[in-house]
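Worksheet: one structure, shown below.
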């Protein structure tokens, strides 16, 4: 209930602070008999890890996952999969300056207010480092869902917005550049812009688009647990996310019903897909696609004014090694959360008919 | 797990099809000792009910709620509050035309695929009629949260968008017009536009803005159950919703961190509120505000082509009495879901400290 | 979380006080496509209802269930099944004498202490009347589990204990007498004893034995949700239950492992069944059997001394129409709870393998 | 849902197989601000660990717990407490003889049937080694519940039954002997008997009595989550447990209501305590006490006949180092589960009143 568990049947519980001993998790409810490719898991972690390119934080963390249980003879056993990633590069000294003051638009202030005190080192539990555990579990979910294709990519950085629809892009190009934008020209512009922002000691926001293809018809539970409601919650739970829309999204509100309705083909597929692959909260077999808004990273290296615990004004500035823009490293996290939702709802969907 | 329950501690389970005997619910976990104003509950239901103005569906349903339990001597007892609303105006004949065919962008097709068959009368469980039960529970949640002020209003209908920020509006005017837009001039334009669309036998989408004020600091659980993640799920679970954003939302991605960061005042409040009252998933005492995108209603009265169960093309058109635009009646639903989330997270927050 | 929901996937939420408007519930997660025999549901309710014989309470309640939703064309639709049973025979006056005093070994005192006040009429939510809702849901679960045979019977009343093992009894005789003991001679003795106790204005306890046959291998989840742990919780949640044992139970502690171990036959069945059909928390295909201890009903008609809200001693005596022994009417409740557990665990078991 | 999580708000998820890399868990929902005495945690683990005396298994496992998160500056932070205990003494070779055959009354057969295959080394997930993780979490729960006194002790081994009521015993003597029976004379007899049984290569069952004192009034949720129902589930989830009774238990069924009812003193306490400290599922402030039946350990060192995967009869015998009687080492486990239930229900009870 304290909010560190995600999923109903395919259920991930994570633990760990950014500067504690380790982060990790327990994935419970993963069906028995899935062949696990551990290299593929580590590969996903590497996509998320710091230091992978010149436009992300230059911290060096190997982010090597150790599995404790639940996998035997190369296959999942149906028992909980416990795992941990040691924190090896934590420089707690980087954070002594924030021990007694509150960084604007961070969680420092609310943690102190809520719990009475906080592990102030690097954001502690509120650090995006926690998402590495999601990537581990998501990588296992992807292997369970091998017939579903899940892709995410960067579609906007600051004002630079990729106007092409995902169907007009070659998503295999996403990993070909450090921004993770599948349009090479736009990727170059975004990269240049991120570097410029970093030089200013500033940060900028962005949008990630997620796409899930070959999703079977029928995933999603009526009423409160609609598939897109759970996807939305999954995405909104990622650090720095401010918005979620699927299918026609916010643009769709301007349309009329006669134009927005997706007419059927005789096989049940639809001629258009404003629905975004979900109708009445249930997947209809068409592609599921959605956009996620990420705010600019709160840690800026520029000097700024803030308050300490007593409310006194203090001058400070960001230290340490931070991302100027969060979206490139968030792509694998979005894919992981998508996989976790689809794995969970696949299991739920096994129980709904005689 | 079948998706008809919302909340962790303040927990609503709903039941009922639009054309069955009754809809209703059980509200469990409502604390003991809350004085319940039953008229206020019915008042909220009346704000949602059909036939209340010329721009909404002309169905007549009294939507009178009967409470079965959990209230004694005018106060909640701490035991589950069971309630039902009889369906009195169902004209099942209105739906015989869709028994064997699938309305585009409705849930007909996916329900048949998922469950093997469906209660085809009026959408059954997928009908927005279900939300009346949420309004009942939300009205009780509001009484529990009496010190928090929850307001929702229509901020966009089709292209007509209210550019004013909620702080520049007099929210007490929301109920002064059938659109539920607190800007009288914009309300007039929206009303005229909805009537025009209705004349065409068509429908149009819209946006509702929600605002919660005087929310105590500390609501929201770290990581997966961030306050805005749960709010997002709550809103995305409402029929026809396609998107959710809070605080700076999708616009915020264009900003730089130095501008987007909310600088502190000495009392812990912030000079700006791009965070939308939530930092790190936890309320910080500032106003919580968010936007919700609603697609155009799928039932259009114009003739259209669709398929039957065998995949044959059939000509049909919408019958019955439908809303040309869903947002005016959705305002109390948005408020109800907001109240349910805040009530639940208020209870959760009682358990987090020694 | 307030304790009115049972089950993970096949999930019953009940509501209602004994002297409120109605009791009832919502059964969520019942798979679609089950043909529902409504007479069979009412039949189970009739087995539990007051006034059915001379050895139970003489209150007259028709206990007629009304279904609101979730059943269409005679089959479950996969949506929540809402239902209610009106309270028609409540004589609240019978309870005015306990408004301000506390009956010994009832829940009056603890409810007042926990919630600050209580619905004092007939025990309110703590009345065993609540179990009628369980019987409704259990009757549906039985229809879902049609290949599993669930039987409960009275095996002890006071000192009168049926020494025969369930395998040496003809369980079809259970309903042939008002005690619901399948041994006719013992049933006669028990009936006579209950009548004697009633004449004294007193009450007596008893034991019910439950048996589930043809349970598939594999039901039960490792560690915390072992099948017998959930069965135990289910039974201990029934009013007046003080103990639960399965298989060899408390007697088994005296045995040595070499004698207690159930040796295998070549088909995986076992030569003995001290395990009670469950090993490591998982059903092994053998009969599941268990005993449940019920304390003597707390409401005695004899005069007794107790305290009022201020702690003053008051003289009072039981009024109204009460059961001298709870076990005959509890037999269908035990069967219902068994069915709910097995239905839930059958659904869970669909999700555990690739 | 896969059964590896216990608790609603104070919530433990465990992972790990007996012969995998490590066992451990995540304790989520532990309130912030509890001072943690890590030595006290290790002390509880030592009470459970193998090799501690001559009447338990002679395996040597240091059972040293490593905490990963959730504790900072010696206090809980309100974030999840992740921990692990490395498996250091696993001798997998001890188990090669059971790879393809099924030990009677173990979980080998049902795991293979349920999941399709199993980690056969030492029982894997079904090993009682898992309970070490419960002891860790229970030790933290005890520190949270510092004002409640929780004691368990051995009250029966085979036929040797301590007839004294817990109130007539000096519970501080429990740890003075390897059996953990607070009656020195009975402890001596039990110890001698266990040694005799071990010499025979056999095993024997036993009973543990649990007592919780100074429990506040009001813990327990009505209907399905009665305090004793959750306690019962907690205990029944411990390996080898076959029965649970509280208060008057199975003996109470023989009593009449007039004798069994606990008459009030003027302060709300009761003159007798047949209720076992719980009425209507809610603690009434009196001592909570209960008995738990443990079957004889299934692993006997004597030779026996069993079947292999193909159903062929094979001759085998137990190898390795096993407990001749499980109850001495199960005492801290019973205390841990008691603490987990009371911690969880203490938090739940914070949410039930305005």
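Order of writing sets the chain letters: A, B, C and D. Residues in each chain are counted from 1.
Here, a residue touches a chain if its C-beta (ideal position, glycine included) is under 8 Å from a C-beta of that chain, and two chains touch if they have at least 3 such contacts.
Note that this is a predicted model, so its numbers are computed, not measured.
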Notebook entry, point to check: So which chain is farthest from subunit D, going by the mean of the CA atoms in each chain?
Noted result: B
Next item on the list: Go through A-B and A-C and name the pair with more C-beta contacts between its chains.
Entry: A-B
Margin query: Quick check: how many Å separate the C-alpha centres of subunit A and subunit B?
Written below: 26
Notebook entry, point to check: Could you state the distance in Å from the CA-based centre of subunit A to that of subunit D?
Noted result: 39
Next item on the list: Could you please state the distance in Å, as a whole number, between where the Cα atoms of subunit A are centred and where those of subunit C are centred?
Entry: 46
Next item on the list: Mind pulling the residue numbers of subunit B that touch at least two other chains?
Entry: 1-2, 4-5, 8-9, 14, 29, 32-33, 78-79, 114-116, 125, 222, 348, 351-353
Note to self: Could you list, by residue number, the parts of subunit B that touch subunit D in their complex?
What the structure shows: 1, 9, 29, 31-34, 78-79, 144, 222, 347-348, 350-354
Checklist line | Contact set on subunit B toward subunit C in their complex | finding: 1-2, 4-5, 8-9, 11, 13-17, 20-26, 28-29, 32-33, 66-70, 72-73, 75, 77-82, 84, 114-119, 124-125
Checklist line | subunit C partner contacts - residues on subunit D that touch it in the complex | finding: 1-6, 8-9, 14, 102, 104-107, 109-111, 113-116, 125-126, 130, 156, 158-159, 197, 200, 202-207, 217-218, 220-226, 228-230, 232-234, 236-237, 242-250, 252-258, 260-268, 270, 274-276, 279-284, 291, 293-300, 302, 304-307, 311-313, 348-349, 351-353
